[in-house]
Amino acid sequence: MVPERLQDFKLKPLKCELNFLSKSDGSAILSQGDTVVLASVNGPLDIKTTSQNIEKATLEVLFCSKEGKPSVADRFKENVIRNTCETAILGCLYPRTGITLTIQELENYGGLLTCAVNCACLALINSGVGMRHVVAAVSCAVNEVGDLVLEPTQQEAESARALLYFVFDSRDKNLVTGFTEGTFSEDTYEEALVRCRLASDFVFQFYRDVVKKYSNVI
Amino acid sequence: MAEIFKHIYPSKYFNDYISRNVRPDGRKFDEHRDVKVNINAITSADASAAVKCGNSTVVCGIKLELAKPKAEEPDTGFLISNVELLPLCSSKFRPGPPSDHAQVINNIVSDIVMNSKCIDLKDLCLVHDKLAWVVYCDLVCLDYDGSIVDACIVAIMTSLKTLLLPSVSFDAETEEVKVDTSARLPLKIHGLPVATSFGIYEHIPRNIVLADPSAYEEEMCGGVGANLIVCWNKGLFCGIQKFGGSNLSTEDEKRTLVLAKEISKLVEGVIETCIKNDKVK
Amino acid sequence: MEGRPRALLERGLCSAVDAQWLMMMMMMMEGRDCLKSYDEVYSGLFDEKGHRKDGREMKEARAMYARGNFVSQAKGSSYIEMNKTKVVCSVFAPREISHQNEFSTVGQLFCEVKFAPFSCHLQRQPHVPDAEEKALSVALRKALEPTVCCHLFANFQIDIFVYILENDGACLAAAITAAGLALANGAVPMYDIITASSIAIIGDKMFIDPTEREEHLALSSPETKQNHGVITMSRMHGLKQIADFRQIGSLDVDCILKATDILEEECNKIVPKIQMILVRYINNGIIQQKKLAEAAKEREAALKIKMKEWSSSIIKISD
Amino acid sequence: MREQFLSNCEKNFIKKIILEGHRLDGRNYDESRKLDICFGSEYGSCIVSIGETKVLAQVSCEVVQPKQIRPNEGILYINVEISPMAAPQFEANRQTDLTVYLNRLLEKCYKDSKCIDLESLCIVVEEKVWSLRVDLKILNHEGNLIECSSIATLVSLAHFKRPDVTRSGESVIIHTLAENDPIPTVLYHYPVCLTFAIFQNNVLISDPSYIEETVCTSTTEDGNTIGGLLVVGMNQYKEICLLNHTEAAIHNSNIVHRAIQSAAERSKSVVDLIKAEIIRDDNLRQKRTKINFSDIITTNHVQSLSMKDLKICLKNYNINDIKMEEDNSPTEILDDKQDIKPEKSKYDVVASLPQTAEIKAKEGASTWIEISSESDVDSS
Amino acid sequence: MKVSIGDVVLPGDYFDEISTDNAKSRVVIGPGLRKEEDHVYITKAGVLKKKNPHTYWIDSYQKRVDIGGSTTAALSYLSFEGATKKNRPEVQVGDIIYAKLVIASKDMEPELVCIDSFGHKGRLGVLTDGFVFKCSINLIRKILSPQCPLLESLKNEWPFELAAGMNGRIWIKANSMKETIALGNAVLGAEFMSQEEIKKMSNNISATLAGHVY
């Protein structure tokens, strides 16, 4: 069932600040709507020989939620972000080194994981680590009626019949990472894919604006 | 000779095969390995199934227990699935606590079972806020030869379909529970989710999608955990998971979803026939 | 009994108060033999005609199904099934010794035996290696050490992993035989083929290859003063040496002597089966080698023909 | 990743300028960096930053069974975590001795000083009690972590409000924040930890930055450390609840008196600032304005990229006063040539003659070396 | 996305305006660009720059310089002027040295030397007292570029010695401590100013510095 009524398709307002922390090599704080995430990258470091990788850099991701107790959900988010960034970073330029990416959740009003992926990407841009392409994460939900809602809020996400997360690369908008929750039909999936791909253009444009702001000062 | 060449220069060995549109074990890109399913192999478990997809072997055993439901959800039972990647199934896994790859697989399998809503946890509740079934599904991987999530889902679904719950009588005052294991009634299952994994190999003109990758092919397509997993449940998708690995273009994605539909129909057929001839016997 | 409620507690599914109540319910589920007296259980072991519960003679061992090369990823592997006891074993060839402190001139064996969570009647904790598993791992290593030529792979370690899918008695014997077969299948240098079998003794009755219930009764001490216990013996057939002898319970001397003779016979009965499996595995290997060689020859012949045509066509053009 | 190594010349330079009465970033001895507090959307979550040192504090509560020895008291649990985000030399979830030190000091300052009324947290004696958990995350380590984290703990506890509870017979109903408004935690007094770095011939500086802290605790050639760190925990009534000293021994006691005097005014001013901030935040919430951490993000880029307080700064130098003098003309692309290391350094800074320092700019185009992955010619 | 010179670029964009009219001319692609089969792809975010004979590079903001090596660099004691096996150069742990990078590839251990190819010390070697501070790589490039007026204007104020390393470390030594701090402050302040702001600052440099020193 193709969703008849089109929800208004716009992304939550994006606000970002680069180089927020003085001690890390690259850092960014990003707010998507009310969800706020802080990410910090410590660029090619020398790490102990046991965890070194001969031909590419080892990426270590740490996701800290606000409450202290580490949970399985954090491990799942770390895994998603690590796999996504591993394809984006040109590991072969920094063999036998380590890159640590730390992500701190500040506010969670829905869409935490997509905000974390985008913030990690901005922090990597700020750190000057060589990247094959930039990634943009978009999520959408299928509510009870069956319509596609882009960037669901916390309540919409809980009551949704299905949640779809996509991460696209900036080269030719291929799918880097994608995972879903709940059941949905094939054409809803096609529709969501096309919609989110369009939405990812906004995010890439946002990245360009952020870099443009401080380009004249370089 | 080929074995030594494969160890010394694995990517070139694989590339030679792929450029000739064939895979090291002779299959085409969209062919999947044969699936063997066997029911009630383990008598000490309440229900069990052994599944072999090509060389990947998974045994699932279900044990039942009674427990008091959680205060927050007084009328839901518990379905706890646990995937164990043993050190004996592949040299990649070490003894000791489960590796983070095992936790990811565990996460994916329990997500798929929950997302597909094939089991309604409310059916597991016997007495409101007093007594409910706890279904422990322990999946044990005996041989890790790639796309282990498919074998796990087939194993857990087959054993759940053949599970018979003993009838329980409980009278409120004396809080006394009588379990008679003779009269058993099956658990209601809605739909039958089936998962199919695909490896995406980085290739110069266009990335190539390999159905049902073996351990070696998984290694070549971006390491462990970089598979695209598509789960299909009676006409609806109940999960499409892809974590990193090489990128997937739109037309490949469409073709993959169609392929996934066919493969899951075949696997559903295998499970149905296996259960049917078990009843005939 | 303790396993499951504590697991529920750890996972925070129910509070401590419910745990006691739940334990009582667990007894209900398992309610079979824990309330009966010793004699009732003892008589429960035999059916009406005086044979054992599963129809076997006292002297008769269970039919054994064994298979080599069971796990494709391992160097050597085996699967052994004795009626209800199912054991999988896989061997990984020489590896560096984990957390090594100094150079060891002799190779080391690392054995790990694990039970499946659904293997016995009471549910087992999957990740916490309990005492029984540790004891079995040590027993297995003790039994295999005399058979493996450790001096041939100095400073290396051989990993042997045994997984018991279902345990219906004599699981140590099955584990040792499976490990022996897996080592041979993995071409690990060994002095001789090792096989093992076990016997349970209650009073004057000797149960060969005991089931779990017989073993359980043999290990529990009776009121009257009489022989009871379980012996597991592993033997190297060719060299006629006993690799490992493990006895639990209180037995007088002549009863032990009688038991060892029976066990010796038992071990010898298994040896031809193991040898047949290994020979068949090697034959298959040779046949496959031949097939590959023939296929290669054909391809070369086809290539030669093409070469001849091609070279003849060139000569035509040139002259 | 090893600790950041401190060079000798930095050590000597800082020792000298401190003895001369200055400090690297232009502050005088008892001046501390700018204290800034901002609140998140939930009660009990705040980010406190002293200069560039930033700490996130989050308070959460749950109903638990009280301890047998204290059946009518709530439980307070404080936990500090330092992730690699704070500085590259920290490893993920590894308990370094710095975290143990911070945890111990905070426990002494907030649990043993009985500044929080634990009895008011009790719901049903022996059965149900509130357990408060304060999670502190060090976001950026620019020195003086103990002061920043202690202020963060205090602010988050004072700001935290727990859900209202009504007991009807046996069962206990926990109302959500929407039903009836939550109850603030009762604080008897407001203790704050303040740090002082002590250098030779009893120089006492407050709020040491990262470099001053490392210099103070680093050892000179002849083995003894240059100075010591004194942590004073004090509340607004000038009562001391914590005194902790690390590194070199103190020779005379009047340094400690001086430290306590300056700690008194400093703690008074900090506590007043905290109270003012909390009141301001309360009236904002009364007026239903939405408060969120995204308010920290400023959109004008130069502000974000420039470090608010430079590591090296003159007394009253301020980045924006440069801006104010000139209008901000439209940006034009900076044509800046890539300077690859030529044979001789491009700028031959001749040793400084008494009159002028000469920079002879060697002309000649910067020679380009082809950078390609195969040839491993020296590249920039 | 296709980009051209002077654009603000993101990793993943590609750029193929490389005019290789005469095949033999050598095209130099600097840091931040990577040649893959068909296009030249951009690996760092920043501004795409070109210098007329075929030289292209990306100007990006970076704090930690990447010389490719994954281990600490080696500096042999023989690589000092007049150093022989017997008389070792007096270098202690913790000294600041101004050295030249000889080997810096990603597969080999980076190597430093303190003598230039003729064996003379030149400016290289141990730097005594003064102060060193860390800043971003862009600032180094900015103040070292010939057009930058900052250093020119500073040199008229006080005599001082300055060494700027490509790894983001600047060493300054002036007569008095206060002057060193003032100079350091002026240099660090320029980090986030665009070119013409720096021009304005350096015009009235004396005012800004004099005003703040005492």
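For reference, chains read A, B, C, D and E in written order, and residue numbers begin at 1 within each chain.
Here is the rule we go by: contacts are C-beta pairs under 8 Å (C-beta built on N, C-alpha and C of every residue); 3 or more make two chains touch, one makes a residue touch a chain.
What you see is a predicted model, and the numbers here were worked out from it, not measured in a lab.
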Both-way neighbours, i.e. chains that touch subunit E and touch subunit A: D
Shortest path length from subunit B to subunit E (each step joins two touching chains): 2
Touch-network distance, subunit B to subunit D, counted in steps: 2
Greatest separation from subunit B - chain, by CA centre: E
Two chains sharing the most C-beta contacts: D-E
Most remote chain, CA-based centroid, reference being subunit A: C
Chain at the geometric heart of the assembly (C-alpha centres): A
Between subunit C and subunit D, centroid-to-centroid distance (C-alpha), Å: 60
Cα-centroid distance, subunit A relative to subunit D, in whole angstrom: 28
Chain centre separation (subunit D, subunit E; CA means) in Å: 31
Geometric centre distance via CA averages, subunit C-subunit A, whole Å: 49
Sites on subunit E at which at least two other chains make contact: 47, 59, 61, 107, 192-194
Junction residues of subunit A, two or more chains touched: 19, 25, 46, 169, 171, 214, 216-218
All touching chain pairs, where touch follows the definition stated at the start: A-B, A-D, A-E, B-C, D-E
Touching residues on subunit C, where the partner in the complex is subunit B: 4, 8, 11, 13-14, 18, 21-22, 25-26, 28-29, 70-74, 77, 84, 86, 88-90, 92, 112, 114, 116-121, 123, 126-127, 159, 161-163, 165-168
Footprint of subunit A on subunit D - complex, ascending: 1, 40-41, 45, 47, 52, 54, 56, 58, 60, 79, 81, 83-88, 92-93, 133, 135, 137, 139-142, 290, 292-294, 296-299, 301-302, 304-305, 307, 331-334
Contacting residues of subunit B [partner subunit C, same complex]: 41-45, 48, 55, 57, 59, 61-63, 65-68, 70, 78, 80, 82, 84, 86-91, 95, 97-98, 134, 136, 138, 140, 142-145, 175, 177-179, 215
Interface residues, subunit E side, partner subunit D - complex: 6, 26, 28-31, 47, 51, 55, 57, 59, 61, 92, 94-96, 100-105, 107-108, 116-117, 122-123, 127-134, 141-142, 144-148, 151-152, 155-156, 158-163, 166, 171, 174-175, 177-178, 180-182, 184-185, 188-189, 191-197, 200-201, 208-209, 212-213
Touching residues on subunit A, where the partner in the complex is subunit D: 15-25, 27, 29, 31, 34, 36, 38, 40, 42, 45-47, 60, 62, 64, 66-68, 70, 100, 102, 104, 106-107, 109, 213-214, 216-218
